[in-house]
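You will see two complexes here that share chain A, one where it goes with chain B and one where it goes with chain C.
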Partner chain A sequence: MIAELTSISEQTKQRLQQIGAVDLVIGFADQRAGEDIANLLPKIHQGLSGLALKGRTVVLVPNYGVAVGDGEVVNEESLALFQYSLPAPDPSISAAQNISGAYRVIWRISEELNARACAVFISAVENLTPQWIFQLAQPVLERNFDLVAPYYLHRKFDAMLNSSILYPLTRAIYGKRVQNPLGPDFAFSTPLLQHLLRLDSAKPRSSAGHDMTLIEPAAVVAKVKVCQSILGERTYPVVDGKDLSSVIAGILAPVFLALERDAAFWQHIRGSEPIPIFGEDLTIKEESVDVDVRRLLESFRLGFSSLQEIWGVVLPPTILLELRKLDRLAPEQFRIPDELWARIVYEFAMAYRLRSIARDHLLRAMTPLYLGWVASYALEMEAVGAVTVQQRLEKLCVAYENMKPYLVSRWRSPDRFNP
Partner chain B sequence: MKRPGSVSDPLWYKDAIIYELHVKAFADGNNDGVGDFGGLLQKLDYLQELGVTCLWLLPFFPSPLKDDGYDISDYLGVHPSFGTMEDFQAFLSAAHERNLQVLIELVINHTSDQHPWFQAARMAAPGSPEREFYVWNDTAEKYQDARIIFTDTEKSNWTWDPLAKAYYWHRFFSHQPDLNFDNPRVIEEVIKVFRYWLDLGVDAVRLDAIPYLIERDGTNCENLPETHHAIKTIRAEIDQHYANRMILAEANQWPTDVRPYFGDGDECHMAFHFPLMPRIYMSLRQEDRLPILDIMAQTPQIPDTCQWALFLRNHDELTLEMVTMDERDYMYLAYSADPRMRINLGIRRRLAPLLDNNRRRIELLNSLLFSFPGTPVIYYGDEIGMGDNIYLGDRNGVRTPMQWNGDRNAGFSRAIPARLYSPVIMDPVFGYEAINVEAQQSDQSSLLTWVRNMIALRKLFRVFGRGSLEFLNPSNRKILAYVRKYDGEQVLCVANLSRFAQPVDLDLATMEGMVPIEMLGYVEFPVITSQPYRLTLGPYGFLWLELHTPSASAAAARPESLS
Partner chain C sequence: MWTQIQQALNASTARVITTIANLLPGIAAVFASLLVSVVLAWIIVFLFRRSLRKVNFDEHLAAWGFQSFAEWSPSNSPTLLLTRAVSWIIVLIGLLIGISAFDVTLTSQFVERLFTYLPNVFAALILLMAGSIAARFLSRSVLIGAVNMNLQYARLLSAGVKWLVLVLTWAMALDHLSIGGRIVYIAFAILFGGIVLALSLAVGLGSKELVSRSLEREAKKATEEVENPFRHV
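The block that comes next holds the complex of A and B.
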C-alpha cells in the first residue's frame, strides 16, 4: 500500500495542471473531511480571509479508496476542492505509517501544484477552526518559515506520552523547544517538503522506520526556519488500554530510529533554545478529572514483577535499585524523579540502538514504566493549576537536557558495565 | 545525464571507513573451501554492524592466480571460484541496500600472461596493433634505470618470449606483462573496462601500481608526465559519464611524488599515504614522535576534493620502500626477528603480531589511524586481532581465512579442512579458537567491540575526515599531540607513544577559555587557560578531546535556506 502512495498518477497530474497557479494547498487526511464539505468550507474561507494570497487555494480531501477517481469537486475563483486517493487506514501497520502515507501523497500533490505553502491536517476534522487554517499557513506564506509546528492548548492530562517523552526528549536531543514534534498538523514550505520527499525516497521502502512522522527533527537537522502556531484545543484519539503498548511502540520506534540516524547532528547540540510562537495563548478551563492512580500503579508493579528479565538487560543496576524502592512505596508517596525518568528513557533508546532484545518487545516493556510515570505525575499535579503544570513539565524538560551528557556518554561507550 | 552512484554526497569518500577484504578469504558460501560472493553477502550484516562504510574487494576477476588475482586474464568477469557475475551483482545490490559502498581493484598496469591480449600480442607480427598492446624490445637493455620491485623473485624487468622472439617489459612478476599505455587503443580498452564496472554500479576503483604505466629511457620509469596524462584521460571519462564515483591511486612513493596523482583535482580522488605507515610503527617502537612529524612535514597540501587513504596493515607486506636504509634496518630489527617474516623490501605480518598482541598498542595505533587526516582503511581480521602464518609462501600468511567462530575451519567454510585454499590460523595465541568474531561479539570488552565503538565515534565527527591538522610541540617527545579543525568542530588528540605513563604540558593558549570534553566518555576536563595545559597519559594511552566554547548551545542549528 505504501508503494502506491509514493507517486501520483498521470491522470491526476493532468487534472492538477488544469487548476492553475496555486498559493496554498490544504490537505486533509480525515475521511470525514469529504463527507462534511458543507460545514468545512465556510471555516476554510474564514481562515483564508486574513491571508494575503496571490493565487488559488486547493483543498485536498481524501476519498479513502472510493472509486470516484481523483478530481475537482468544487471550483471557485479563489479555491478548488480536489478529491484525492488515499487508501483507508491499514490496521496491520502503525498509525505513524498510515499518517506517513497521507503526508506523502499530499506533499506530492502540493509539489506538483508548485504551491508556496502546504498545510496538512491529520487531526479529526471536528478540531478544525478558521484559526487553525490561518495560524498554520500564515508563517509560511508571510513570514518565510519553512515549517510551522502546531502548539495545542493542553489540559493537564492531555498528551501524556508527548509531555513525558516526546517533547522533552526531542527538545533535549535536537535543541529546539517544539511542543509537538510529531505534529501531526503542520504547514510546510515547498523547499522543505521537497527535502522531506527526497529523504523519504532515500529510505529502504520496506524498513520498519519507513515513516515520515518525525518532521520537526528532520527540519531541525536540515537547519530550516521552524516556528510554532497556537492552534487551540485538539481532541486526542482515545487509546484502548490494551493497545497502549502498541501505541507506545509505534510512536517511539521512529523516534529512537531517528536518534541513530541523526547522531552526528544531535551530539553537537547542548541545551535548547525557544523558537517563535505565533497566535494567542488562550487558557483552557480545567475540568476536574478523576485519575485512577491505583490501576496505573498496579500496572507498574505488575511490570516490575514480570518484566525483571527485560528491564535487567536494558537498565543499569542503580536504576533497577531505584525502581525497586519505588515498587515498595505507598501509593501516595509514589514519585518518579525527573532525572531517573530521563535516564530510563535514555537507556531504552540505547537498548533500542544496540538491539539488546527484540525491538518491539523492548518498546512494549516500557509501558509499565510509562504508566508509573503517569501515576507519579497525576499524584503530583492532581490539585494544581495550569501554570504549575507548565512549570512542572518545564522542570522535566530541563532534567532531560541536564541528563543528555549521560546519553551521549552511553552512546559513545555502550559498555554494559556502568553504574 | 551522468549515471549516479549509490551515494548523493560527491565527497563521500572523505567520511568513509574502508574495509579491505579478499573475497576468497572472507566467507565460503558454497563450502568448496574458497570464499565467494555468496559467503560475502551473508556477512554484510556483520560489516554494517561494524560500522565500516566502504568495502574494498581485492581482485576477483578470472586469473591464473599466480599473484593472488593481480594477474588478471579477463577484466570483465568473475573468477569461477568466487561465483558468477550474477553473484557479484546480488552482492553489490545488497551492499548498497545497507549503505555500503563498493570499491573494486583494476590492475591496469599489467595483465596476466594468459590474457587474450597478451596471447594475441606474442603471436602477432612486430608493429601490428595486437603486438602494440604490450611493451617489447629486442634486448633486455632498455630502461635500465628502472628498479626491480620484487627483488626476491625477479632479476630483470625484461623477460624473453620465445614465441614472440622478443623481450617483454614487466615491472612485477614475469608472468605479468605491462600494458603499453603509449598506445591509444590500450587506453580505449581500459576505459571500456572502467565503464563496464561503473555501469554495474560500483562506487570506486582502486588503481593498482599506477606509477608504472609509461616507460621512458633515461628515467626510472616511475611517475612520468605521460603516466599522469593517461590517468587524467581516464578520470575525464569517468567525470563525464558518472556522478559520485571515486578512484584511488596505489602509488608507493614519497608524498611529494604522490601529490601529482591528485593533479588539480582531475586525476585520482584518493591516494594511499604509504610512507606514513612504517613511521607510525617506528615512532611507536622508538617512543618518539619524530618519525611521524618528519613524514607529515614532507606531506604537501592536496586539492580540497582529494583525500589520503591511511592504513596500518594491508594484504601486502609492511612495505619499507619509502624509508632510508637505516630506517629499514631498524624496522627489520624491531619488527621481524625471524627472517621468515621478511619479504621483498618489507615485513609480511599482521597488525596484532607486529605489536606482540598488546591490546594497548593496537588501540593506540588504531586511534592514530582514525584521527589522522585521511580515510582509514581496515584490513579484514585486524578488527579482531587476527594473527598470521609466516610459514606460508609469498604474502599468503596475512591472507588466511577470516575467523568467524570456534567451529571447524573457523566458521569460514564447511569444506573438509584439506580443501581450504589456505590453512586457518591455529596457534594457541592467534588461533581461531582464541580469536574469532563470535566470541568477540559476545564480549563487551573485546577488541571488536572497541573498534566498533571507535568507528561509531569517528563517524559522529566530520572533522576527522575533512579537517585541518596542526601538530603541537610539547617538550616530551614521547607525546604526539595535534589539533583537528573543521567547520566549527575542534578536536585535540593526544597520544602517549611510550610503554610508561607520561606527563605533558600542552601550550593551548590560543584556545583559552575552551572546555575540553573527552570524547568517548563525554567527560568534561578543566577549562583551558593561558597556562600550560597539563595532562598525564597512561602507557600507550590516548585522549580525544572535543573543544567546546563555554556557551556552546543549540546555536549549531541556526536556520539556513534549503536549495
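The block that comes next holds the complex of A and C.
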C-alpha cells in the first residue's frame, strides 16, 4: 500500500491503525500549529461543524527536529490529534523542498488511515480560520472533487511571482484557470493522493531532498476533478532581497521540469477554461501604498549591463533589442509589454529544457528581468483599485495564451533559433 | 702506394655502403610505419568526425562558453580542429614507432623519453580543460550572484575570479610539464598576489560608500522592510 512511514513511531502507527473509520485527515506544516493547540482546536471544531462527517477526523501537527514526541496529544470522540516528526528545515535546499517532506508524511498517514479526504495546510497557522477548513474539505467530501486548490484574496502587490509567472504560465500551458497552482494549501481525495505518491516515489532522490511533483499540473494531466475554494486573506512572508534569486530558482525549477515532463499533454491545448469555484466572493480592501521602484529598476539596469553574455544565450536578438529600448526609458515610462514578458518566460523555459547554460545559473539570471516586470507593474498599478488589478492580470494571462503557439513552435524545433 | 690508397678508399666506401645497408631496414620500417599510421589516422578521423557531428559538438561547445575555441579553429569548426589534431597525433606516433625500429641507442632513448613525457602532456591538457570549465562556471556564479546583490562591480569581481582560476590552472599545467621551474613559481605568485591585491583594493576603495550606506541601511532595516509593499511569494 505505501512504501514507507518513516516519520512516525511504531507505537503511533499501531495507535493510528486502531482509530477506525476516518473521514478526514488535516495536516499542518507550521510548527506553531503544534505549539498552540488550545487555539487551534476550536477553529478546527468550528470548521468541521458544517460538514456531514460519519467517521473521525485526524489532525496532524509537526514536531520539527525532535527525535521523539510522536504520539497522540488529544483524543476525542470525533477528533484525534497526533504529532509527527519532521527534520528541521534545511537551509541548503529550497523552501519548496523543505515543504515537500511535510506533504509526503501527511499523505502517507492519510493513505494508511484510508481517509476519504486529506487537507494540507502549509501557510502560517495565524491565517487559519474555520472557513479555511470547511472550504478545503467540503468539495472533496461532499461534491466528489479530487483536488481543491486555494483561492486567496490578496492585495495588488502580494504574490507577485504567482501573478507574473506561475498563474499565467500554468493557465496557458495546462488550460485550467487555477489561481494558485503551487498552493500551498490543498485538499485531496484518496485516489489522487495515491496517484501523487506513486509519481513522487518514481522520481530519483538526491541526498538533499528533492522537489515534489507539482500538484495542480499532475492533477490536470491525470484528468481528475479540480476546483478552487475561496479561503480569504493570507499573509505573505517578506523575502529578503538577497534570497530572492534562490526563491525564484527553487519555485521555477519544478515548474519548468513539469513543462518538460508533460510536453505531450499541453502542446495541443489552446486557451483556458475556468474551473468551479466555491466560497463567498469577498473583496479585499485596498489601501493606497507608495511604491519606490528605484531599486527594482537599478536591478534591471544592472542585469541588462552585466548579464548580456548570459541573456544572449537564452533570448533571441529581437527580445534583447526590446530590453535595450526599455533600459533607455525614463523610470516613469518604464513598461514591459505583456507579450514581451510572456516571450521572455517562454524563452527561459526553452533554455531550461535545452540546458543552454547551467540550470541554476539560468533561473537566477532571470531575477533582474522579474524585478523589471515588478517595477513596470507597480508603476502601472500604483493608483488603481482591486477591479482594475484583476482586469490587468487577466490581460497578462491572455497574452501568455496568445503567445503559446510561439512556445509550441520553439519546443518542436529548438534548433531554429541559434544565438 | 696507389694500391694502398685504393684499398683505403674501397674499405671506407664499403663501410659507408654497409652502414647505409644497415639503415635501410630501419628506413623501410619508418616508411611502413608512416603509411600504416596515415591509413589508420584516416579511418579513425573519419569515424571521429562523424560522431562529433552527430552529437553537434560545435554547437554544444559554443553553448558551454567556448566560443573563442571556435574562433581559433579552421573554418570556425572545433570539430575540424580536433580531428586534424587527432590525425597528426596518430601520424606522429607512427613516426616515433618507426624511428624506434632503427634500433640505434640514441634514437631509442629519445623515443623512450618522449613516450615517458607524453602522459604529462595529456595531464596538462586535461588540467587546462578542467580549469577553463571551472573558471567559466565560477565566474558566471559570481557574476549572477553579484548582480542579484546589486553590486555595481559585479563584472570586475567575475573577471577577477575567472583570471584567478585560469592563472592557477596554467601554473599547475606548466608545473606538470616541468617547464620554467622556479621562474613559473615566482611569476605565478606575483601574478596571483597581484590579482588578489587589485581585487581587494577595487572592492575596498570602491565600496567605502557602499559600506557606509549598508550600515545606514542596517540601522533602518526594519522600517524599510515594512515600507516595501512587494510580497513575491
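The rule we apply is simple: the second predicted complex is superposed on the first by the 395 of 419 C-alpha atoms of A that agree within 3 Å, B and C clash if a C-alpha of one lies under 4 Å from a C-alpha of the other, contacts with A are read in each partner's own complex, and residues count from 1 in each chain.
The definition used in the following text is that contacts are C-beta pairs under 8 Å (C-beta built on N, C-alpha and C of every residue); 3 or more make two chains touch, one makes a residue touch a chain.
If you're wondering where the values come from, they're calculated on a predicted model, not measured in any experiment.
Aligning the two structures on chain A places chain B and chain C in a clash.
Of the two partner chains placed by superposition, only chain B is touched by A:Ser413; chain C is not.
Of the two partner chains placed around the shared chain by superposition, chain B is the only one that A:Gly271 touches, whereas chain C remains out of contact. Legend: residue contacts after superposition of the two complexes on their common chain; A:Leu153 is shown touching neither chain B nor chain C. With both structures placed on the common chain, the touch criterion links A:Arg295 to chain C but leaves chain B unconnected.
When both complexes are overlaid on chain A, the residue A:Val220 reaches chain B alone and has no touch with chain C. By the touch criterion stated above, chain A contacts chain C in their complex at residues 154-155, 157-162, 236-239, 241-242, 244-245, 247-248, 251, 289, 291-292, 295, 298-299, 302-303, 306-307, 310, 313, 356-358, 361, 364-365, 367-368, 374, 378, 418.
Looking at the complex, you find that chain C touches chain A at residues 59, 63, 65, 137, 140-141, 143-150, 152, 154-155, 225, 227-233. Those residues of chain B lying in contact with chain A across their complex are 8, 97, 444-445, 449, 453, 456-457, 459-462, 489, 519-524, 548, 552-563. Interface residues of chain A facing chain B in the complex, by the touch rule stated above, are 146, 174-176, 189, 191-192, 194-195, 202, 204, 220-226, 263-264, 267-273, 405, 408-409, 412-417.
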